[in-house]
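Going in written order, the chains are labelled A, B, C, D, E and F, and every chain counts its residues from 1.
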Amino acid sequence: MISVTRRETFSASHRLYNPELSEAENLELFDKCANPNGHGHNYVLEVTVAGEPNSNSGYVIDMKKLKEVIRREIISRVDHKHLNYDVDFLKDVIPTAENMVKAFWDILKDKVGDARLQSIRLRETENNSVEYKG
Amino acid sequence: MISVTRRETFSASHRLYNPELSEAENLELFDKCANPNGHGHNYVLEVTVAGEPNSNSGYVIDMKKLKEVIRREIISRVDHKHLNYDVDFLKDVIPTAENMVKAFWDILKDKVGDARLQSIRLRETENNSVEYKG
Amino acid sequence: MISVTRRETFSASHRLYNPELSEAENLELFDKCANPNGHGHNYVLEVTVAGEPNSNSGYVIDMKKLKEVIRREIISRVDHKHLNYDVDFLKDVIPTAENMVKAFWDILKDKVGDARLQSIRLRETENNSVEYKG
Amino acid sequence: MISVTRRETFSASHRLYNPELSEAENLELFDKCANPNGHGHNYVLEVTVAGEPNSNSGYVIDMKKLKEVIRREIISRVDHKHLNYDVDFLKDVIPTAENMVKAFWDILKDKVGDARLQSIRLRETENNSVEYKG
Amino acid sequence: MISVTRRETFSASHRLYNPELSEAENLELFDKCANPNGHGHNYVLEVTVAGEPNSNSGYVIDMKKLKEVIRREIISRVDHKHLNYDVDFLKDVIPTAENMVKAFWDILKDKVGDARLQSIRLRETENNSVEYKG
Amino acid sequence: MISVTRRETFSASHRLYNPELSEAENLELFDKCANPNGHGHNYVLEVTVAGEPNSNSGYVIDMKKLKEVIRREIISRVDHKHLNYDVDFLKDVIPTAENMVKAFWDILKDKVGDARLQSIRLRETENNSVEYKG
């Protein structure tokens, strides 16, 4: 088994806010991330799939196809968007990096051909990142 | 003369939109950057000052003080903000990186002690940056 | 389970030297790292914790709190220090990256709230790093 | 057990082409990577070994020795080479990153002293990488 | 005047060889870069243009258009190519980074709209780069 | 004229301390950088030379030779050293990055062959750097 990782980037804004909590609780919980007008990030998304290299191609997966899948299914729907308002598959969750990788996983898990989705990593800043392995 | 550069980062959202133009003109001009709910970036700000090293300290400027000036005057006012709505000194301009470095220059130019402000660079993404030298 | 990683940096000096060995053996073992006056690095520390996202916050752990713990427990005690002389919890070990991550693990393992400490990575240079998973 | 990772780089050219397939099939499979005159990359190789730190040295492995092994066994044979024509141990495979890490593994697995070879990662571009764990 | 920089990447192979010199002289001059089958790099190209921001857009140049120009005029002609054999505008020169930036300059200098081409930087490896200002 | 930049790295320790000032003044001036046992950094050194490409080689300067000069004249004398005690050419100055680039300049300015030394940049941390142009 060999793992293959594709890195893509997108720029988006979000606001961390739980409507079931009070303003004071939101501020306590999310601090400046609860700013009503939101803020944003250059997200770095790393999608890892695993499998045996195909004997014809030497590829676990054609990186061009993995790139196209990630761009069509994820990047085109989140890039230059406000994650709270513009993204259908994030409508019901607080758009923390944790909730985002879980949503990305559900979208991608059956779309990587013969390979197996192994990990999704999302870097929100140069200091903060999350990883989900299903 | 020696140049000294301090790097700081902030995360903000913005929308590129000119209210004096029609919706169609804005879309033509700014494309997905005109998305009504905005989008965001992890900005990297590099402030360069120049001068002769002080004979007592060997410093052109005390980097701790330069850091404090940048954080107090710029970072605290733009980090985790929406640049169109939350930042007083950007109220009258479209918050492109170009307009941002000019606004940052006006704020910082008289606040770097005996050194001379030489350059402000702002990196909006890993592929796009601007630089202003006054 | 989702993993969350926080990256922090510190600058320190150290000397690799085993007092139970001869000078010749130390030089053989540690080469230029045994230089009597020491040398130093900009260390990059990556602390990974794992858990389920809290349903109220969408966070595995509040990154602000993880940052504060790492800075209070580790960074404040090693940053701008000589690791052989100035750091109580490294007094009895040769401050290799390997011994450092083990010492960091013992300090942090019970201080990450409801999350589980999963990994500590320490990058000593851009080419050399170590990782410990307990 | 602690993991220790050494990073090395090399620059090489290659062509992705399967002589058992037709020109059309090669173009379909490898697209611009099948360009007859080849193309190239700055590869980044990360070799990870694991073990217990030695009580005399505090090292899992002497990084100088790991560096020398990687340079002698791998880098000297692929750096500034054409991977299809100049590298004996890649003669019979299509030099995809997947096939390269497997070949590197076979070479290195018995040459890391008392430590255990744990992982080989190969970054072909800033966006594409593969990892093999044996 | 504000400078605006766009970063693009391409992967190519080349061979440093002067047909007017002997084999021995080429080897003396270019060492392993003269390897007959060539080698390759992930090149990073940074194109900087300067001008006054347009009052309607706040842009010195529309980064989308600068990106399109660089990709159409340069990247599409060098990416996944052998620089000695596949690139018409490099046919008569040894494809050193120095000669490449000069050739890129001649192509781009009249294609950046109202802005002025200010600098072209080409990074061949993480350690080696060149810059040309016309 | 084309500029050529070579990047090298070294790891060293230092202490910022002016023996002509009192302890209190040193602490006021240098804060934690005055720690008696010192601290350290992974320094990144970027040396830029300028000239016309040689018509035989297409090189402004042979990068291998520039690398050898930098390593012989600078890196071998500062790498894995304590800058206050182990480096003859820094004996009489406080080893701030500012004073270091000036000392490096004096050493390198007549040793870059037919090219002209144009700039020396020294990065002390990922956030702090200095540049000297003679």
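The working rule: a residue touches a chain if its C-beta (ideal position, glycine included) is under 8 Å from a C-beta of that chain, and two chains touch if they have at least 3 such contacts.
What you are looking at is a predicted structure, and each value in this text was computed from that prediction instead of being measured.
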Hey, what chains does chain A share as contacts with chain F? B, C
Which chain has its C-alpha centroid at the greatest distance from the C-alpha centroid of chain C? E
Are the interface residues of chain C and chain D largely the same numbers on each copy, more than half shared, or largely different? different
By the contact definition above, name the pair with the higher C-beta contact count: E-F or A-B. A-B
Using mean CA coordinates as chain centres, what's the gap between chain C and chain E in Å? 41
From the C-alpha centre of chain A to that of chain D, how far is it in Å? 29
Multi-chain touching residues of chain E, meaning two or more other chains, are 126
Just say which it is for the chain contacts: an open line, a closed ring, a star, complete, or other. other
Chains that touch, pairwise: A-B, A-C, A-D, B-E, B-F, C-D, C-F, D-E, E-F
Report the residues of chain F in contact with chain C in the complex, numbered from low to high. 9, 11-14, 32-33, 35, 37-42, 79-82, 84-86, 125-126
Where on chain F is chain E touching in the complex? 1-8, 53, 56-60, 62-64, 67
Inside the complex, what are the residues of chain B that reach chain E? 16, 18, 20-21, 29-31, 93-99, 101-102, 126-133
